[in-house]
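Multiple structures are listed underneath, in structure tokens.
In the two complexes that follow, subunit A is the common piece, with subunit B as its partner first and subunit C second.
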Partner chain A sequence: MAENQPVDDAGQANFDAVIAKDSRIEPKDWMPADYRHALVRQMSQHAHSEIIGMQPEANWITRAPSLKRKAILMAKVQDEAGHGLYLYSATETLGTTRDEMTEALLAGKARYSSIFNYPTVSWADMGAIGWMVDGAAITNQVPLCRASYGPYARAMVRICKEESFHQRQGFEILLELSHGTPGQKAMAQDAVNRWYAPSLMMFGPPDADSPNTSKSMAWNIKRFGNDELRSRFVGMLAEQVKVLELELPDPDIRFNEDTKSWDYGPLDWAEFKEVLAGRGPCNAQRMERRRAAHDDGAWVREAAAAYAAKQSASNDREAA
Partner chain B sequence: MIPTGSHHSQARDGSLAGVGPSTGSHHRNPTPYSLGDSSASATRITPGNALRPEDIALAAAEGTAHPREAVAEYALRLGDDALILAQRLGHWISRGPELEEDVALGNIALDQLGHARSFLTYAGAAWGKSEDDLAYYRREPEFRSAHLFEQPNGDFAVTIARQFIAASYQYLLYRELTRSSDPMLAAIAGKAVKEVDYHLDHSTQWVLRLAGGTEESNRRMIAGLELMWPFVGELFEDDPLIAEVGDAGVVPSSLKEEFDRATAAVLAEAGVEVPAHPMATGGGRHGRHSEHLGYLLAEMQVLAREYPGASW
Partner chain C sequence: MGTGEVWPLWEVFVRSNRGLSHVHAGSLHAPDSAMALRNARDLYTRRNEGVSIWVVPSDAIAASDPDSKGSFFESPQGKDYRHATYYVKSEGVKHL
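Our next item is the complex of A and B:
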């Protein structure tokens, strides 16, 4: 990363002009070190979230209750691996390698979305994750399709398309459960109860406590504050939950005619901070699983690299 | 990064394979016997043209797909092999040695699951049962999978060894099955063979890489092949059902020579010996399974059986 880059007045002027006319910065353009740094942080965190986020859903692949649901779930978790790869590649255009990002994750230096530190204890969690967690992600990510950094914006277009499919399948799981047997309906309601508050907290702390928001908005990376997006999301849930014939565990949800936005009850930010600080239900488990896959796969990666080197050496000999 | 060649893009394109449109959707192709759009990619689903399990279920409901008993029993064998393998491979997703392999193994699992759903749906048409009735409500001795597919994943080399044998076998089998006198089996095989062709390429490349990579990977690849090879024999055994199925099926022993030749060629290129172990006694086709299947079924069936009769 270009931490100590020389002052480049022409570069800065171009950057400012691009941001001012709401256009795109591309990898070879000059950009301020802070901007690059903020992007690497946000994009790699997003990539890590996709990868760690595979685990809670992979937990149900082998137990999916019908073959069709098993196929859909497999495809969804596989999509998440694809999103992670795509985002790592987009982040590499900023000069940080995937290996560096992986190291940062495994060393506990890089974050991923805290939501994935909650356990998936029932099949209905597959529905709640799709509907609420992916729903919150889409609400966050659709504006990112207009982010000022070109590779990020383009990556988000594709990712949002697939996330929309994920959200629909989650909603469909809950719909099927809520119209099923009483036991299935109870399973669905329990999942909605557990995932509601954590999904609202995915938008991050209230704007007043969010250190990165204002800068990100000035750079046209973020377009809306955390609270505005959260309120929009609550409005979406409040309408769709009626179709599900389930309830949201928050008696304070209502549309505020004065502010023209959705109000909701207080969230337990102390819990959010606890989970963020590594004291959630599954933090250690998620990291251990990622490390184990990485460590157990080391000999495979070494073998592939050694084989590729031998092949290329033998091709060189043949060419000589 | 692992040089995965063209696998990655194929795998991503196939990420929705097996999903298809939701049930009850209008399908453009009125005949379930179509081989699908001839321009269809092996890994990209083309809803409305490609043969889907839902099409087969619809044909069964309308009475246009009704296999005779022996053909249904035969389809059950092929479906169970694919189902058990998909269940095994599904475990790798989020545990692969590299993200590219999470995608690739996930893609192969999805393909296998798709084949399983088609074969099981067709088999079930003979008995008024759905794919899920057969997958979730049969007991262990009622499964017809061969022991190879039941074997635990082991390390990545063990999985690759199992994949290499499975894909080599399934490729030859499905290629021949496209000429089945039973149009539905031919149609299912026509779709499956294109996908298994890719599975064979994937496992072949990995056998070469692991055997020719480092000392450790060479040792592990050889150990994986030694562990899996005894289960080759069962795949090529003929029995009375095969005679009954006649030209609707493929005689397993007729594939053995080409299997031996093709796998020996890859192993020779990899510089490893074809394992010389005696073949294990099989029995899977008649409901006598390995010690491993019970655990696999317990996990696969637990939720469905907790809510009998529920829909999902």
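Our next item is the complex of A and C:
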């Protein structure tokens, strides 16, 4: 529908006025085709990330160290599914169907956050993911609660409320490990070492190499550049890691008095591009798992639809 | 059922507490109303957000045209007399 959109001067004027006022665009408003495309891309990627993001953590549900931790982890993974669904339905308001998005993911045409292509090799990874990966996500997502597209912003408000539990439970896992036996502390430090750089790269490439950032900012979808958010996040980690009595694997972290922001060491953007291109440690495994889950669930979807059709037919007969 | 979609779309309204209205929470796909209610419970009330849920097929909702803002909604221009604050002569009179 967006492809053949006619030129609409009044629509464009209304859109520009809404953006200039920092108000919200709603589903039935006229919007430029580029704006719609940018939103569908960003929101569906975000939804896919939540869905694929269930896998690295689901990996530890059966091996959580206590019933309490198992219950917490299950609640968290259930939240990720919920976040995916909020975002899919928000994206559907732009005229893209759920099936189109599912197809794009399964066919490998749609992207999801590169962070979920890293393996979760120890229990401490559940802590590092909560603290750093969800922490980065929150830093990124809080400004999105003011995104110019109403359904997206509303979904983000709900998601951000739930994410704060995720981050705190992760921090607590690391805190307990780092104050445990030397072996546990080493396990926590190892997880922090592995997740630090990938979580910083979650903010996306440096602004100079991020083709979508400036447009997204002009449309009030994004409110801050990738580098600013990343620097802000490093500042939070630098303080919080002291409470954990662990170390960040980056000797270059310091507050820069001139720029009033946090400096950090160089990141391996070649690795980022490799993972994004599908050549990360777990890309194949994640996609295979998602396709299998989709295929294995096909009979459930079909049976429920058949049952609903039968019920509605018999209701029609009774009414007749 | 929508084009090619296995399950139709439903809009979900949640009443957060007795005495309050149901408020739109979001939407979801489900094969029928019973499943839509169950899915809505799992999706939108994981943290005690509701005491009652309504689900409505999305295509059953009629919406006003956003382009006809000016002509569809009556202009409030010059109609301040519809608000209590328009009447200032009674300022200082108690219980009014």
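Here is the rule we go by: the second predicted complex is superposed on the first by the 319 of 320 C-alpha atoms of A that agree within 3 Å, B and C clash if a C-alpha of one lies under 4 Å from a C-alpha of the other, contacts with A are read in each partner's own complex, and residues count from 1 in each chain.
Heads up, the rule we're going with is that a contact is a pair of C-beta atoms (placed from the backbone, for glycine too) under 8 Å apart; a residue touches a chain by one contact, two chains touch by 3 or more.
No experiment lies behind these values; they were computed from the predicted model shown.
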{"item": "First (subunit B), second (subunit C), both or neither touched by A:Trp30", "value": "second"}
{"item": "Which superposed partner A:Ala218 touches (first subunit B, second subunit C, both, neither)", "value": "neither"}
{"item": "Contacts of A:Ala304 with subunit B and subunit C, given as first, second, both or neither", "value": "both"}
{"item": "Touched partner set for A:Thr62, first subunit B, second subunit C, both or neither", "value": "first"}
{"item": "Subunit B versus subunit C as contact partner of A:Ala277, first or second or both or neither", "value": "neither"}
{"item": "Which superposed partner A:Ala13 touches (first subunit B, second subunit C, both, neither)", "value": "neither"}
{"item": "Partner chain in contact with A:Arg98 - subunit B first, subunit C second, else both or neither", "value": "both"}
{"item": "Which of subunit B and subunit C A:Ser89 touches, first, second, both or neither", "value": "second"}
{"item": "Which of subunit B and subunit C A:Ala155 touches, first, second, both or neither", "value": "second"}
{"item": "Where subunit A meets both subunit C and subunit B, residue numbers", "value": "75, 78-79, 82, 85, 98, 301-302, 304-305, 307-308"}
{"item": "Complex interface listing, subunit C residues touching subunit A", "value": "1-7, 9, 26-29, 31-32, 35, 42-43, 46-47, 63, 65-67"}
{"item": "Contact set on subunit B toward subunit A in their complex", "value": "1-3, 8, 11-12, 15-19, 22-23, 53, 83, 86-87, 90-91, 93-103, 106-107, 109-110, 113-114, 116-117, 120, 131-132, 135-136, 155-156, 208-210, 212-214, 216-217, 220, 299-300, 302-304, 307, 310-312"}
{"item": "Touching residues (chain side subunit A, partner subunit C) in the complex", "value": "10-11, 14, 26, 28-30, 75, 78-79, 82, 85-86, 89-90, 92, 97-99, 154-155, 158, 162, 301-302, 304-305, 307-308, 311-312"}
{"item": "Residue ranges of subunit A in contact with subunit B within the complex", "value": "51, 54-55, 58, 61-72, 74-75, 77-79, 81-82, 84-85, 88, 98, 123, 165, 172-173, 176-177, 180-181, 183-184, 289, 292-293, 296-308, 310"}
